[in-house]
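Please go over the structures that come below.
In what follows, subunit A forms one complex with subunit B and a second complex with subunit C.
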Partner chain A sequence: MARMKFLCDADRCIECNACVTACKNEHEVPWGINRRRVVTIADGKPGERSVSMACMHCTDAPCAAVCPVNCFYTTADGVVLHSKDLCIGCGYCFYACPFGAPQYPKVGNFGSRGKMDKCTYCAGGPEADGSKEEYEKYGANRLAEGKLPLCAEMCSTKSLLAGDGEIIAQIYKERVLKRGYGSGAWGWKTAYRETIES
Partner chain B sequence: MACFARFVRLVLGVAGLLLLVSAASPSVAQQVNPTASAVKEQQLLQELNRVQGRVSIPDQRSGVLEQPAGREWREFRNVTLRWIGGIAILGMLAALVIFYLSRGMVRLQSGRSGRTIVRFSAFERFVHWMTATCFIILAISGLNVTFGRPLLLPLIGHEAFSEWSQWAKYVHNYLSFPFTIGVVLIFLMWIAGNIPNKVDVDWIKRGGGIVGHDHPPAYRFNAGQKAIYWIVVIGGGLVAATGYALMFPFYLSGIEGMQLAQIVHSIVAMLFTAVMLAHIYIGTIGMEGAFEAMGSGTVDVNWAREHHNLWLEEENARDARPQPSVTAAE
Partner chain C sequence: MLIKRTNQHSLRHGSVAESLAGQAGGLDRRSFLRKSGLAGGALAALGTLPVGGVRKAEAAMAGPLTAGATVRKSICTHCSVGCTVTAEVLNGVWIGQEPSWDSPINRGSHCAKGASVRELVHSERRLRYPMKLVGGQWTRVSWDTAINEIGDRLQAVREKSGPDSVYWLGSAKMTNEGAYLFRKLGAFWGTNNTDHQARICHSTTVTGVANTWGYGAMTNSYNDIRNAKTQMILGGNPAEAHPVSLQHLLEGKELQKANFIVIDPRLTRTAAHATEYVRMRPGTDIPVLYGMMWHILQNGWEDKEFIRQRVYGFDDLRKEVEKWNPEEVERVTGIPGEQLKRVAKMFATEKPATLIWAMGQTQKTVGTANVRASCILLLMTGNVGGAGMGANIFRGHDNVQGATDVGLDIVTLPFYYGLAEGAWKHWSRVWEVDYDFLKSRFDSKQIMETPGIPLTRWFEAVTLPKDQVAQKDNVRAVFVQGHASNSITRIPESLNGLKALELLVIADPHPTTWASLAVEAGRKDGVYILPVATQFECKGSRVASNRSLQWGEQIVKPVFESKDDLEIIYLMAKKLGLADQMFKKIKVENNLPEAEDVLREMNRGSWSTGYCGQSPERLKAHMKNQAKFDMLTMRAPKDDPEVGGDYYGLPWPCWGSPEVKHPGTPLLYNTNLHVMDGGGTFRPRFGVEREEKLPDGTTRKVSLLADGSYSLGSGIQDGYPEFTLASLKKLGWDTELTEAEMAVINKVNPATPDAVSWALDLSGGIQRVALAHGCVPYGNGKARMHAFGLPDPIPVHREPIYTPRADLVAKYPTLPDAKQFRMPNIGFSVQKAAVEKGIAKQFPLILSSGRLVEYEGGGEETRTNPWLAELQQDMFIEINPADAAERGVKDGGWVWVTGAENNSRARMKALVTERVGKGVAWMPFHFGGWFAGKDLRGNYPKGTDPIVLGESANTITTYGYDPATNMQEAKVTLCQIAAA
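And now, the complex of A and B:
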């Protein structure tokens, strides 16, 4: 089985935000929630870089470790998913996550965070693959259809890579070798405890 | 004419080609490395322990790209807190059991007089029991967040545990309001009797009425009760303030502030719970005649004389003042 990862080649990202839009559209993400966003660091200064970030589907995921009701699970592909039926909306995963991935729809009055929502790596949830219930809660399950996450698939500069960790790391390494530079795989050390030597 | 046009095209083409070559060659010669001046992840993380930038979506909070501080919080939540809570609560329970077995219930030395004196008004008792009821439910639903997953979940299964935890969360959130009101009222209505004074020093030296074997003098509240009072007021204030910071995310602080709020909230709550176990012990099986104070609101005069002699004198003096005229009339 593959170990699915995301890799954003910051030297290629042009901050077009198409990944953000595509994700929202594909999964009909609730209002106010962005499963993916593009952050521009040192905006307007020399050396500015943009990084597209969502849930990194960490190895030994902190969200899963701190969840009081143990609603997270890791698929055979290394994708970190959760059950909205079990989630109680306590906010703990969101304190623990290094990437700000978990978010809560505002339901009702104070104190009632709704069920947590985050990037599913286009892999849905615990419901039957491709079912209506799965789509309503988690969005499309592209992985079950043999497709990769839409954000990476439609990235215009192929900055955002999704797929087996070893394969996308290899693609990135070749790029760095060919062009002679690379600002590294953002978030990899935090998420996977490894970096790509370049 | 066609010949001239062909000539112009040729000239333009050559000129264009020359331009391209001249434009391309310097960049090759300079060997530009754009990442040399680019922002670097590890450098940013070392400087601020987080990477932050600008986002063009409305949710500006998502500008924090990376914040590995959650790891330390995870360690606290999953390991440190469980040790603190386990030692504080189980340790207190064990200490109370040992204490009860060795000391037993502290009896009224002079027995009951049969006469009673009002100790707590109906309003005081209402505030006490409102706060106490909220506290017990808040403590159980709070402990569920820390200890439920390893202890209760394997017993009742995922669905039942989530259902219970969901309700526990709602109850924890909503009961925080009457609890906070109770803490504020307790602070206001008992502050007068809870200012530490000289009598407390002697009381503590003699181990009070529960640890020591005599009855050091005390006013309405002895040093032990004053300690409980200030623990409730300060501890209750802290858990309320940090709890609301967690309940209303991002109103007061970012994620690092909420991590800190959770740490303070949970440590104070664990110690608070341990202290309250001792409070419940003394108020029920630990001391004869103590529960009545909060139960019926009256205590036996002998109990008052043994445990709060100075308070009893004050009360008698107050009652005595109008009394002389009554006795004189008789």
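And now, the complex of A and C:
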């Protein structure tokens, strides 16, 4: 079974936000919830770099470790998903996540939170693949259709890669070798406890 | 804090929260359109969905929700890269977008705008039905009423003030077919006051570049930039304006280990990826280019053989370049001599090198001269006419190249034929109407052959004293179909125009700032709004920047009561009594002209530009066979049965009739290829020889034809003029013309058939015979470094009208006041007055403007899209930390920006950043819906206001028009900033 991962090549990312709106489009994500976002460091200064960020679908996901209701599970593809039926919107996962992935719709007064929402790697949730119920709660399930996450598929510069970890690592390695520079597979050490040597 | 990236907390900010009332929090209204598609949701109420279809879909609930969807392809409407959009449609509802892997241009990719275009169609804030302003209230009317009333009022204006008093403002958003018919409507109405966005984006490119080597378009392609060893971007920020192009630029940079040079006043998102970033003072492009050329000539890096064979006027140019030694260049531009020398060496010696530009060069008072200087640098270094080289001019809109080609313009009929009698006669033959009928529609033959009023100055044409507008009367009515008003400079003055108009018709998917500003100007009536379908609801061809034509399918039918551009044009023509003549050769069904037929008519008349070979059948075959085209060469394998040997999109010129099967021309002026493989030469468009005056008072004749250079396999191995029947006879090739072709030639000009040229021969025979001998129909000439006929034949640096360097104005003044395009251009007086009044002391900051990736153009459409609007919620101005500190301006704080004219002022947020240098401020130009600190949300028809509103950059911009095209000065003016 493939181990699905994300890899953002920061030397290619131009902060065009295609990944952000592709995600909105595919899952009809409402205003205020951002499953993916682009973060720019040294904005406007020499050395400016951007990285597209979302749930990295960590190995031994910290969100799962802290969840009081055990709503997280990891699929055979290594994708970290959760059940909105179980989620109580406590917000622990938000504090545990090193990437700021969990999002919460505001549902009432006094800052009360709704059920957590995050990137599903376009793999839906616990409901039957491709069902209406799954779509309403989690959005589209592209993986079940043999497609990869739309954010990566639509990336303007092929900076954001999604797919089997070994394959995308290989693509990145070859790229770095050919061009002679690379700032490393961003977030991989934290998420997957590995780095890509080139 | 980065104000660009505000997310949830901004929801609390007044206007946005208000505009989203009832929608923010939790999942929104029609959360899942995919479900809507199945259940026949939101749009079913419109009666477009067959009930049976809905039931069937409900039954097929098992598999993925997209099961059973139809896939349709169109082209993204947000820039000129030409990305294919792949849509999934179920029961008439656009339920999803998939990556367009097969397109050799975008290869699956999109930017933020392309990845969200589906929302444009389904937007609940679209205009739903025609409206008119009655006593200050927007009131619903039927299409019949609207068309009838508009038509009657236009006729009334015509009777009183003449046809030139109606201004027809079209759009680069239209398909070729729409833009062509809009121009044709202008011609049949009897005016040359027909313009579109090219005026304010690349009119200077078209004029400057065409005057250099023949055609004013991108010479190569986005894909071909992959071949460059040196990429230089001067006046462009493609990472935000053309994001998908960066795929080709960055991969090219990586694979070729190429130099990636960005010269710009801002350290842009593109510059962040540069191997060399050069910061310059805004408005000094010519000194930068001459500064480079000075080093090139000093060191002998120029391409001497190329210049000898293919360039005219090098000696005249050298004299101008010699004035620009490193000291003077640094004094004017601020760039150190050593850095520019390094850049010049790379560009001249690490070849092939390409020069990329967009509106940073063009939107200036010296725009035409800027692009000319850029072409000259390419010519000097022999970097034109081959892979990895050329002027890669990134156009703006998805079809601005096409709309320009089809002549939606004030200076020409379709396909650059001009306005002379011969041009009118050519088109009257193509249209099969009487030339005298067309002439009778105009006020006079003279005005029929006189360029119209540029859109940049429409309001002056309304408000200037009548004797200053060289036509029968002032402009009294504006019919605008698909053009933003906030993209035009000097908004405070445009309000006077809006107020004084007798009639304003706005045809658009959104009300636009024409509506909100018209109300602000005090109008209570005389304004109509017609809902137009987006281009995803229409079919037709669009031209990407690289000159490739792409056929877009209709993805869904026009929503609500909106109508296709073509239908609206037809309805207007019918009401005005012109339909029978205008649509003589075009099939019309239910008031909708057939796009394919319109394209066929264009094919029959567009010999001058080589749009004659791109039949709808061929274009559709290209879309169907996208996967077969090579990504780098853009060519299909020669043995393919449908598209064999073609270049993707048959980039023009695609010579001869479709039957000739010319493959298109991916790289212009490429002598390394046979003309039937897309090769070419420079176009001798300005005569075959020129008499030059020598210093001793004598004269000499100099040839303007190429010297010993010709395209591969050419039957004439030297320069040659354009082909006519006479020249074919001279060569003895006329015998190869068929009888049928000769008959047509004799019909075109019965008196002197010998004069019939490759561009006027409706049989295509002259082109066919020239091609058969490996010759380019337009001839083989030299490119001009010295472009006689232009206001500055050799580009000359001229300070911006409002410059912070008043000390330089005496040496580098703008051109003297003159009459241009029926109006006075008083730039010189304005510049002089500004210097005398010390304007630069009151307004010490240079103000420039540009694009954000999330929005496009005037931005009403993209600011209405929540997926984009969420990412950019506030209008802002970038200011350097040093300038901010001097003014007590805080990052994210509110400021007042004041401008040098009309006591203009605008309220927005400050983004304090080193992206701009000290003394420079920068604003995005996509915002609108505020004016001078006032929120105009209430001026929009209810429910159609964009989610995000803000001050327009053009509230602050000032006077300044390029003398050759009347391009507006949108890139350099002065302002002051104070904390609000």
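In this section, the second predicted complex is superposed on the first by the 197 of 198 C-alpha atoms of A that agree within 3 Å, B and C clash if a C-alpha of one lies under 4 Å from a C-alpha of the other, contacts with A are read in each partner's own complex, and residues count from 1 in each chain.
Rule of thumb we're sticking to: a residue touches a chain if its C-beta (ideal position, glycine included) is under 8 Å from a C-beta of that chain, and two chains touch if they have at least 3 such contacts.
Here the structure is a predicted model, which means the values were calculated and not measured.
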First, second, both or neither for A:Val20, with subunit B first and subunit C second: both
First, second, both or neither for A:Thr59, with subunit B first and subunit C second: neither
Which superposed partner A:Arg49 touches (first subunit B, second subunit C, both, neither): both
First (subunit B), second (subunit C), both or neither touched by A:Phe99: first
Partner chain(s) touched by A:Gly182 [first = subunit B, second = subunit C, both, neither]: first
Which of subunit B and subunit C A:Thr75 touches, first, second, both or neither: neither
Residues on subunit A lying within both footprints (that of subunit B and that of subunit C): 11, 15, 17, 20, 32, 34, 37, 40, 43, 46-50, 180
Contact set on subunit B toward subunit A in their complex: 31, 33-42, 44-45, 51-57, 59, 61-71, 73-74, 77-78, 144-146, 148-149, 153, 158-159, 161-162, 165-166, 169-170, 173-174, 246-249, 255, 258-259, 262
Residues of subunit C defined as touching subunit A within the complex: 2, 5, 7-8, 11, 20, 23-28, 31-35, 38, 61-66, 96-97, 99, 108-116, 118-119, 239-240, 243-244, 246-247, 250-251, 253-255, 257, 267, 269-270, 272-273, 277, 853-854, 866-868, 870-871, 878, 913-915
Footprint of subunit B on subunit A - complex, ascending: 10-11, 15, 17, 20, 32, 34, 37-43, 46-51, 53, 62, 65-71, 85-92, 94-100, 110-113, 180-184, 186-187, 189-190
Subunit A to subunit C touching residues, read off their complex: 11-12, 14-22, 24-26, 28, 30-32, 34, 37, 40, 43-50, 105-107, 114, 129-132, 135-136, 140-141, 144-145, 150, 153-158, 175, 178-180
